[in-house]
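Paired with chain B in one complex and with chain C in the other, chain A is shared by the two complexes that follow.
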Partner chain A sequence: MSNNELQRILFIEDEADIQAVAQVALEAVGGFTVKICSSGEEALQAGEAFAPQLILSDVMMPGMDGPATLLALRQLPTLADTPAIFMTAKVQPQEVAQLRTAGAMAVIAKPFDPMTLAQQIKDVWRQHHA
Partner chain B sequence: MPDEHDIQARLKALRETYAKQLPDKLIDIARQWAAMQRQPWDFAQAKSLHRQVHTLAGSAPTFGFDTVGQQARHAENLLKAWNNEQRTPGEDEIAGLTGYIHSLCNSLDSNPIPPSAPSPVDVVSTCPPERRLIFLIDNDEALIGGLPQLLSHFDYQVRVFRNAGGIDEAFAKERPAALIVNPGLDDTQQGGTALVHGLKARYGQDLPVIFVSTRGDFNSRLQAVRSGGDTYFVKPIDIAPLVDHLDRVTQSHTSEAYRVLVVEDDPDLAAHYALTLRQAGMDTTILTRLEDILTTLAEVRPELILMDVYMPRCSGLELAQLIRQQDDWLSIPIVFLSSEADMEKQFNAMRIGGDDFLTKPIDDRHLVASVSIRAERARTLNILMVKDSLTGLLKHTKIKEKLAADASRASRAGEPLVFGMLDIDHFKRINDRYGHLCGDRVIKSLARLLQQRLRQSDGIGRYGGEEFAVVLPGCSLAAGEQVLNQIRAGFAKLRFRHGDEEFSVTLSAGIASVEQFRDAEGINRAADEALYTAKRSGRNRVKLCQAPAATFPENG
Partner chain C sequence: MNTNRHYPATRTTRLLLFVPWASEAGATSLSSAQSSTTIALVICAIVVLALGLALHREQRRRKVIEEALDASKIQQQALINTMVDAVIIIDDHGTIQNFNPAAESLFGYAASEVIGENIRMLMPEPHHSAHDGYLAQYRKTGVRRVLGRRSEVEARRHDGSIFPIELAVTDMKIHGQHLFSGLLRDITERRKVDRLKDEFIATVSHELRTPLTAIRGSLGLINGGAAGELPVQSAALIRLAHDNSERLLMLVDDLLDMEQLGSGRMEFRFDELALMPVIEEAVTENAAIAKKHAVQCIITRHPDEVWVRADYQRLLQVLGNLLSNACKFSPRDSTVEISIARREDRIRINIRDQGPGIAEELRLRLFMKFVQGDTGNTRQTGGTGLGLCISKAIMERHGGEIGFTPAADTGTIFYLEIAEVGATSGNK
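Showing the complex of A and B:
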């Protein structure tokens, strides 16, 4: 990673409501550039072209779930090492551990606060690059 | 970067949109759960329900619905355990989940959200239906004895007042959706009109009032007009036009959101347009892959397309031509967006099939106004084109299109869907005996009953003369049977009048589900066969297609 400033986030989430609120939280509040994908399949189509610095994905989705999507994205050469964060309403410790094993550097709990989500991500990003 | 105030405004708008959709989501969950309990435990359905409550647990608190989120979390934990262990829950556990889902629905009451339209959930779940309250002010025992019962079939709840006493107290408790008043109350021929005059002064001129009288003379009618009556019926009352009128005056003004398809290669711009339109209450879909245009059109059924002119793979003008080559989409408004300020090129775009040309960067209010005005006009025209003129239901080809679109969506998402065909029994005899006008009234009554009992997302069509078709997305075969049986029973209870003669009519129905057949044609044929079976086995009944569930490949 040549540049440490987080700018481009690939956001994978099937719920339109959450997409909309996260868009405000990430773009307007956080100042990020966000590409929203409604499914794992869509992320696979659009992911490489967008060249994200971070993958932010929902866990439970119809079709490919979050871990399966991440696994598939990791097969793409340019996304093989892109850091990922899962967002989920499941927050029990063993599930968080499972998600980390699936390749996520962090798990952010839903519901999230749209005013602080961006900061939360920036914190994780900074720790990761520290 | 937008300022804090702007962000808060956007979040508030998102919250409001979410709040509007939440009742339907909850009802859907309650309905699915009710349907699941009526049949052997189905892991696929349990999985789908799990996903929905999980989503709710995550999203509701984000939008300020903490109680909903908590109850959803409880429900999720139960479903998760059952699904993970691949086991059928016991009676106590089922009761536990029913409790959480019940609280889910009830938790809405504590949040200030407008109630949603009546839906089939009222017959299969714990959520009470929304019944519109009517005050009937009359001392005519014959009317008082029959009308409340009749109107209840159309989801109206009637409170009877034999005179003016107690009405103000009743108003203080709950404002009715409309009044039905005898102008000749107290035998003065004016007691009722005077009462209405006072009530309107106290509770607002917009209170709908229907006068019912034995007198049909000019002076009585004029009196009624002057006191603010919306309409005037002469006894004996024919229920169909009365309900027709009640429906109209008590109709809530919330109409379905405009469906807009955004075709724009720049994802940021696409998201921005989508958000702007969504904040204005529209339903937006972003087309990400141009190749998917035809399938997306079929699924989303947009009422307007907002399209960028310059896109890398093919130009907006080419895409517009491609869309216009399809008969179905000949008339859809296409609004072009471009930074092109050259008039010649704009005219060219419009000749090819663009209805408007907006120049980027476009002001948000301008975008919303352009899109909503065109969508509104298109919808009005569309209603004339796709709706049956007698019943206001979808025409034959349109209900088949809805079935095809909804069935493909449902089978891909692994969600249930039921298709039903209904036919009025011995309709020819009614026409022969009472005439076509009377037959039309029977058809309209059934149409209205269907509209009252089904949800907005359900499709209702007039299939042929006395034949109807319904598409019920998210509904299992068992729940569909129950819904149609309720409609069948409600229809059989309606009394029609011709001259001095009263009669009632029955219907037969056949239903099939997407779980039995993969494609719309198969479902259609099976429902038709089930209808035939219902007819052959004595009419006035609902028959299910007996085919086994087809096996679907697991999603993804």
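Showing the complex of A and C:
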């Protein structure tokens, strides 16, 4: 396995049902190792220890939302440059642009197709490292 | 003596009677010169009287017109004064000529405080500084910025507070003077309602999508075999549930699109873009639907390079809608043909299916909301009935067109028309 191959994903999502679907989509279908956090605060506590290669985060969450969570994670030395992808309901182009400005390398529309989610993430990862 | 006295009296009588030729014994004794003078005098008198009469009539006519004009002016002013909307009339240098009571209460100024002043005083920046320039530009070029259409701008009250207004401006010429009449309405409340509506839609969208994501995701994983093999009957039921969750999701998307298009809040990002990659992407995205209906989509002919000004995602959405419709209504093992052609400065994209064609009774309503080509109890194609309505609205925003014609032998040709832009000016 090359160093560039994506393996470890920190997944931040407040909805338990979506967590369950995404876990199967990412672990069983995609073969990734996933750490699930239910809030931005939890991600700040557990994020560094997990040492993710990619942060995959929901946008609308109670407390810290996706962009605020990413901003806070960026303050942690080991996560300062970790690539991030946001997942959010179909949004207007301007909102996508804002999320990209907030530090996301891609925005995946919700609801996602669980059978192709892993491949979508791999494609973004490959483009990012091309 | 009697004769002498009688003579002038007789002449006077004749003059007064206007009958100089009346037979009278004494008259025959008048010389011909006297007779000519008399006739001339009589004619003059007639002309003077006729002129006097005509003048009198003209004066009366003018008076009637002036009274009618005064009445019309009073009526108009009364109408302006009682209007619920604010009315402001300015000349072509921006000087306020008329300021109705609704405008007084809207802006907090008395009419006497603003009449004769420049309209700039009611505008915040940037229009405050730029308005004289707009008028000068209009006087010079006739280019209209706000004339003849409704616009939403900001206005400034006497106390300095700024508020949103809807503005409709029309122009008129009176005695060679150019005047502009503006109808203004405070839309502060409407903006508040719009904001609430936006928040509501965002919330509903999120709340509907979250459970739908979980439902569709779970079914999608089972359907895709991520949870192991299922008995044939269970697999069929799961597929049915999965397909319907997708349909429900499509409906949520379409309803949101409809709402955004209807309220003018759908964002468009126009770029100059090459058309063929958009069409190829639409065909690729539609591959699963084409496969499901055992239909092949092929691009039959197209010009070498075509550039259009469009929103990539929205154009893709329209093409996707037409392609998926074409596949849904096509018989199995048939072909959907896509051809692109130039028509002067416009590009026409034809999508031709070999389906049963559009029923006569649907032709006029096909682009209306919730109209589906496949109605009745045996409906097999699915869909929300909003796709074509949304596509039409999107094409209108592109200054383009969408329509259909029956194909010569069988099936239907749906087409899109959009303006072509210079092939060398594109940058994407």
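Observations on the structure shown:
The working rule: the second predicted complex is superposed on the first by the 127 of 130 C-alpha atoms of A that agree within 3 Å, B and C clash if a C-alpha of one lies under 4 Å from a C-alpha of the other, contacts with A are read in each partner's own complex, and residues count from 1 in each chain.
In this section, a residue touches a chain if its C-beta (ideal position, glycine included) is under 8 Å from a C-beta of that chain, and two chains touch if they have at least 3 such contacts.
These figures come from a predicted structure and were not determined experimentally.
When the two complexes are overlaid on chain A, chain B and chain C occupy overlapping space and clash. Touched residues of chain A were counted for both chain B and chain C, and B has more of them. By the touch criterion stated above, A:68 is placed in contact with chain B alone, chain C being left untouched.
Contacts of A:45 after superposition on the shared chain: chain B is touched, whereas chain C is not. Of the two partner chains placed around the shared chain by superposition, neither chain B nor chain C is touched by A:105.
In the superposed pair of complexes, A:94 makes contact with chain C only, with no contact to chain B.
In the superposed pair of complexes, A:35 makes contact with chain B only, with no contact to chain C.
When the two complexes are superposed on chain A, the residues of chain A that touch both chain B and chain C are 15, 17-18, 20-21, 24, 28-29, 60, 89-90, 110-115. Across the interface of their complex, chain A is touched by residues 205-206, 209-214, 216-218, 220-221, 223-224, 226-227, 249, 253, 256, 266-267, 269, 313 of chain C.
Residues 14-15, 17-18, 20-21, 23-24, 28-29, 31, 33-36, 40, 42, 45-46, 50, 60, 62-65, 68, 87-90, 110-115 of chain A touch chain B in their complex.
Interface of chain A with chain C (complex): residues 15, 17-18, 20-22, 24-25, 28-29, 60, 89-90, 92-94, 110-115. Against chain A, the residues of chain B that register as touching in their complex are 1-2, 6-7, 10-11, 14, 17-18, 21, 51, 54-55, 57-63, 69, 73, 76, 267-268, 271, 275, 278, 288-289, 413-414, 555-556.
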